[in-house]
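Below: a set of structures, written as structure tokens.
Two complexes, one shared chain (chain A), two partners (chain B, chain C).
Presenting the complex of A and B:
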């Protein structure tokens, strides 16, 4: 379960990929932006700054050595073998109940409700 | 100390410049602008051929920053001299001998180690100079320098990171760095060589301290870094009286290139 492909030790002076996370504006979560090649964290931050913030598109940056990311190796663990659809709300059809409730309260059907089912 | 006469090719008319304040200020602005312009243009030659893609973007961006500083400083000069020349005219319409950049920047950008060595020597010296004009009595300069220093802080971090890596790497990296420092060392101090208008600059509070004080502070800082990295001490400045004149063939070639488009259609609007 905890098997992973991460944690390989860094070799000084050798370029390797660093994943860059950035916050676009205050209050946003950190989101993955892309990656840079660098030999260490200092230069990775320099390059991340050039690639992901020189046009003021970030207010915060992180870099994470890709080798330090632990990757779930067995992707089959993410695919349940049995039907678990009862865990999802998709089975409940709300359209008719909503229409009835609207009629009762005298409200019009709202616009742009393509997602309603 | 160089005499104003050495800068004749500038053809600035200082008639009525009073006690020399305007003349001294113009010379300070022009030397700062030319330094930034020449190193910016020279380092921009790495665009497309940087050691790795990320560094290519980084050095190109730093070079653009320097050109931006030059543009702003030429703008202040335009306001000070007010002889009808705009920033572009100052940047592009002078003969090579009319440029007043320091001799350190007459060196060709060379290999990557030479570029880093030159950037390190220049940025650290420029930082000492910026500190001395940060509280300048010339308000537009003080305001501009406050902005420039925010960018230069990152430039210093970048070049410090690189010189440490080249020095610590040993082998060819260190050998090339040592060769570059040996070639440029005697010219490093030219950035802070006293200007002819220094007494006036001090009297009017345009600079906060003499160039010799800036240079001593700069040498202390560089000396500490070099000792830590096991690099030889910087030699004293050679021929400081000609710190900003008698430019090299490398600069003449650079000048021919950087003025090429401008000269191709005189008076054109781009």
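Presenting the complex of A and C:
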């Protein structure tokens, strides 16, 4: 068991929420599992192990003091109110242009294959 | 066709996931209106979102009662750990008790984020100010009770809990996903105990039938009396999705055939499915018994609360040690 070295030291005797992240199996990303209340990282990890791997359902756990999480939820930045469809595959609809191209070249429509583009 | 240079200046607000009720610049009524529209339209609420007092209170009351029930629910079963018939059964029962305490921990965690400290919730439970589920106020008289509780009490509970995985309060919904996954193992353990006894010696068969007869009343009361969907605030706020009668019907639909296939009988003469309507008729549960029991006047209410009180006092040193400042202790 390792202890976090970053962030401000926990205040002794004060319970705080610690967010728990867990990896279910090797190769999976860390996913948020829930949270526990603890006065320090050591006890937070003990609680996390008890709550999130009692059934051997995790191979790796992180605990992060909630206060140490930097958060961004500004929709002007995350979901800018502009049309960004040119950044997505669905923003390129070529069906009519391709039909015109085939007509121009006299070629039949190719059979569907595994390629997507 | 999209011309990348022809940028539409602004998408309509609905296409963004902004939650207008979080906007502190709006007045309360406006925020309330946005919140109600969001939630009744199937939107989710996080702990950090603004919410009306009524919503916060309703969710807290609901989750606190659930947490209390998990915590008290282990006491009837715990009495049989030392008397389990085999080592495997003892391990399974111990694990179940451990799980249920874990569920209480997860649920108190959800509840305390809504503003009520855990100590206050435990104190209210011990003082009889808050409630726990009716089925945990009864004695466990034989090993057969352990099978009936793990199979049918957990089954009746999971019917309700599965519907809670869609709760509008997202931290609760996420917790319920985890809890349902664990509860499904308890049901298998309980069903295995019941099937083993139902196919065992005449004495085992008689014991399981006797336990079923005794538990049927409390099981039928467990979801509560019929209620008016339109007046149910928990349903209005989508904290829960189904009425008590819908849950009871669902429970009967799944479990009556499974009970009967074992050759067990139910002490409920009118119990039958109307094939035309798909609705089960049943003997009216004793709602007076339910009210008596959940107000802590059940056969084991005070004994179980006394045990919790004694346990709470006996473990005070652990909480002190956890909260105690190591530096102060040295000085």
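A few remarks follow.
The working rule: the second predicted complex is superposed on the first by the 78 of 117 C-alpha atoms of A that agree within 3 Å, B and C clash if a C-alpha of one lies under 4 Å from a C-alpha of the other, contacts with A are read in each partner's own complex, and residues count from 1 in each chain.
We adopt the following convention: contacts are C-beta pairs under 8 Å (C-beta built on N, C-alpha and C of every residue); 3 or more make two chains touch, one makes a residue touch a chain.
None of these values were measured; they are calculated from a predicted model.
Of the two partner chains placed by superposition, only chain C is touched by A:75; chain B is not. Judged by the touch definition given at the top, the superposed model places A:23 against neither chain B nor chain C.
By the touch criterion defined above, A:93 reaches chain C but does not reach chain B. Contacts of A:36 after superposition on the shared chain: both chain B and chain C are touched.
The partner of chain A that touches more of its residues, comparing chain B with chain C, is C. By the touch criterion stated above, A:49 is placed in contact with chain B alone, chain C being left untouched.
In the superposition on chain A, A:85 contacts chain C only, with no contact to chain B. In the superposed model, A:15 lies in contact with both chain B and chain C. Counting contacts by the rule stated earlier, residues 13, 15, 36-37, 39, 43, 47, 50-51, 54 of chain A appear in both its interface with chain B and its interface with chain C.
Of all residues in chain B, those touching chain A in their complex are 52-55, 57-58, 61, 154, 157-158, 161, 165, 169.
Across the complex, chain A is touched by residues 1-2, 4, 7-11, 16-18, 98-99, 102, 105-106, 109, 112-113, 118, 174-175, 178, 182, 322-328 of chain C.
Note for the complex: chain A touches chain C at residues 12-15, 17, 33-37, 39, 43, 47, 50-51, 54-55, 75, 79, 81-83, 85-86, 91-93, 96-97.
Contacts from chain A toward chain B in the complex involve residues 13, 15, 36-39, 42-43, 46-47, 49-51, 54.
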